[in-house]
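Letters are used for the chains, namely A, B and C, taken in the order the chains are written, and counting of residues starts over at 1 for each.
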Amino acid sequence: MNTSASITEFVGTAIGDTIGLVIANVDCFLHEKMGLDKKYRSIGIISGRTGAGPHIMAADEAVKATNTEVAKIEMPRDTKGGAGHGCLIILAAEDVTDVRRAVEVALKELDRTFGDVYACDSGHLELSYTASASLASAKAFGAPIGKAFGIIAGAPAAIGLVMADTAMKAANVQMVTYASPDSGTAHTNEVIITVTGDSDAVRQSVIAAREIGLSLLKAMGQDTKSLTKSYI
Amino acid sequence: MNTSASITEFVGTAIGDTIGLVIANVDCFLHEKMGLDKKYRSIGIISGRTGAGPHIMAADEAVKATNTEVAKIEMPRDTKGGAGHGCLIILAAEDVTDVRRAVEVALKELDRTFGDVYACDSGHLELSYTASASLASAKAFGAPIGKAFGIIAGAPAAIGLVMADTAMKAANVQMVTYASPDSGTAHTNEVIITVTGDSDAVRQSVIAAREIGLSLLKAMGQDTKSLTKSYI
Amino acid sequence: MNTSASITEFVGTAIGDTIGLVIANVDCFLHEKMGLDKKYRSIGIISGRTGAGPHIMAADEAVKATNTEVAKIEMPRDTKGGAGHGCLIILAAEDVTDVRRAVEVALKELDRTFGDVYACDSGHLELSYTASASLASAKAFGAPIGKAFGIIAGAPAAIGLVMADTAMKAANVQMVTYASPDSGTAHTNEVIITVTGDSDAVRQSVIAAREIGLSLLKAMGQDTKSLTKSYI
């Protein structure tokens, strides 16, 4: 890692083929093409091959802990041949120290927020939960800031749809967004919903979705495990 | 399979990482977000990682055999790292018995309708044929109901394009749709056409496309086989 | 290869699961659906599972060397489970001899133009350079014809973004296009920029992007190599 130490842009790596980088002073032509707000010179970049939900939750913690904004959240079709998204999150600040710190926080959070990602050959489940949504969840899904918020995704899409139905029936939550292969996703093989409400209700809703999702993947003959350690 | 037996939503699985599910009484908020017709309480869901054409043909048989409608057909970019689509088909009815029966029929048909899917490392061919198109083909491609209908797809896209040209020249058929990576697909590496006409002409057209497609994959040094047993 | 010899459409294969084909006289209904210019009866097709940049540079050489036009350039989401694009390039001419020759030139060029594609498990770099852009670069990216032109792509997208910033700062070049997962790509996990300017400046810019890209992939613990032999 002698090499990486010498690259000023490099911050670190994390699960999901995630890399965290910073640019202290974005080139002015690039800055303009990206449509960044003029007051921000520095950006922090978190991008991975597998994820989105976990990265957005991690970015929520990063902006809470630092003086940064969420400039962009984009979701490529990826997961390395899997059925879902990767992610590209761009945080912005006037000073590089702030974005560097934010990227560090996000990378550290990822081990936890990947706790309810369950992958197998036929598909996956990706569940995310926060007691208090922040700017990243708001940017990506219109989550109400400060409220409990959950992301429920399942693949193949049929599993995500039954998870969504189960989640809505399991507790008194409000659906914020609904996405499917043709709309609101990058053509992933998923149904994804986001929910908000009281924290107990959101958690209960996400857990109910997870349980039926795991049972359905088992019914497909799949052995699924958390990529790290369940936290919801 | 004790687990799956206890999940009321589970109907069965089939080739292509396909799962068939039902929801007896869709949650009303989900129902609204999905834009389903109000008269349908129950939905049947057929979704797989690999496919689309074969699933649509199977769904055609399912709606012919039952009292169900085709509510949605969506095609994610999938095939597990391959060059094509997966699928999400939603059937709807007033009663869960009808959609369950429809999903059962579709799952049973898939073994047959996958008969002219040929996969290899460099690409694939996916050929589908029916003597009498029904609601699924109509929903997905605007197929004329009751007429012979064929779907011709090849990857990489160049192969699909030569298959399309060969199909059109091989018999007196009408092209219904043309799709390519930038238009009409979920950015798959395919050219896909659909054709209609007299049943002999459609079949002849599809067979001609299949033969040149297989020869071109062979010219790429690929050994391709039917995933099940050719039926066209 | 007895089989392939007998297929009149077959021209050859190349790296990146690329196949080169011709259609001497495109079926008139297909011709219309594709929106081809009426004066062209013959098309040459170059399509691969991995690429785009290298194929576009190869097509530039092909149109320079022959009497052909670039009819279409489409970029599927592909790379066989990787993070990037495949490609479909359609060249057109009045006579099949011209498109066949163009496809032959393009296929021959690919070994060279793939020289600065670096692939690994976590991502890839794809760098392309020409001292004199032609019709393919112009069609795909609006490159100014006859001027030096470079394509800089990196995955995961964060790496592409830092490469873009480095490229812009390394030399006096103008950015022609900027693309990211949500805009200008087929939802790939890449940031891609194209640059023009004096040939020395463009080359220097592309090389600077390559060097930092390679360092960042190394910082991810990845061992990356050129798929053929570096030419920039």
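We take it that a contact is a pair of C-beta atoms (placed from the backbone, for glycine too) under 8 Å apart; a residue touches a chain by one contact, two chains touch by 3 or more.
Source: prediction; values computed, not measured.
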item: Number of hops, chain A to chain C, where each hop joins two touching chains; value: 1
item: Chain A on chain B, rotation in degrees - Cα superposition, rounded to nearest 5; value: 120
item: Centre distance in Å when chain B and chain C are each reduced to the mean of their C-alpha atoms; value: 31
item: Touching two or more other chains - residue numbers and ranges from chain C; value: 77, 80-81, 186-187
item: Residue ranges of chain B touching chain A (in the complex, touch as defined); value: 1, 3-4, 6-7, 9-10, 13, 17-21, 23, 26-27, 29-30, 33-34, 45-49, 72, 74-78, 80-81, 86, 88, 90, 186-187
item: Interface residues, chain A side, partner chain B - complex; value: 77, 80-83, 121-123, 156-159, 161-162, 164-165, 168-169, 174-175, 178, 180-182, 185-191, 193, 212, 215-216, 218-221
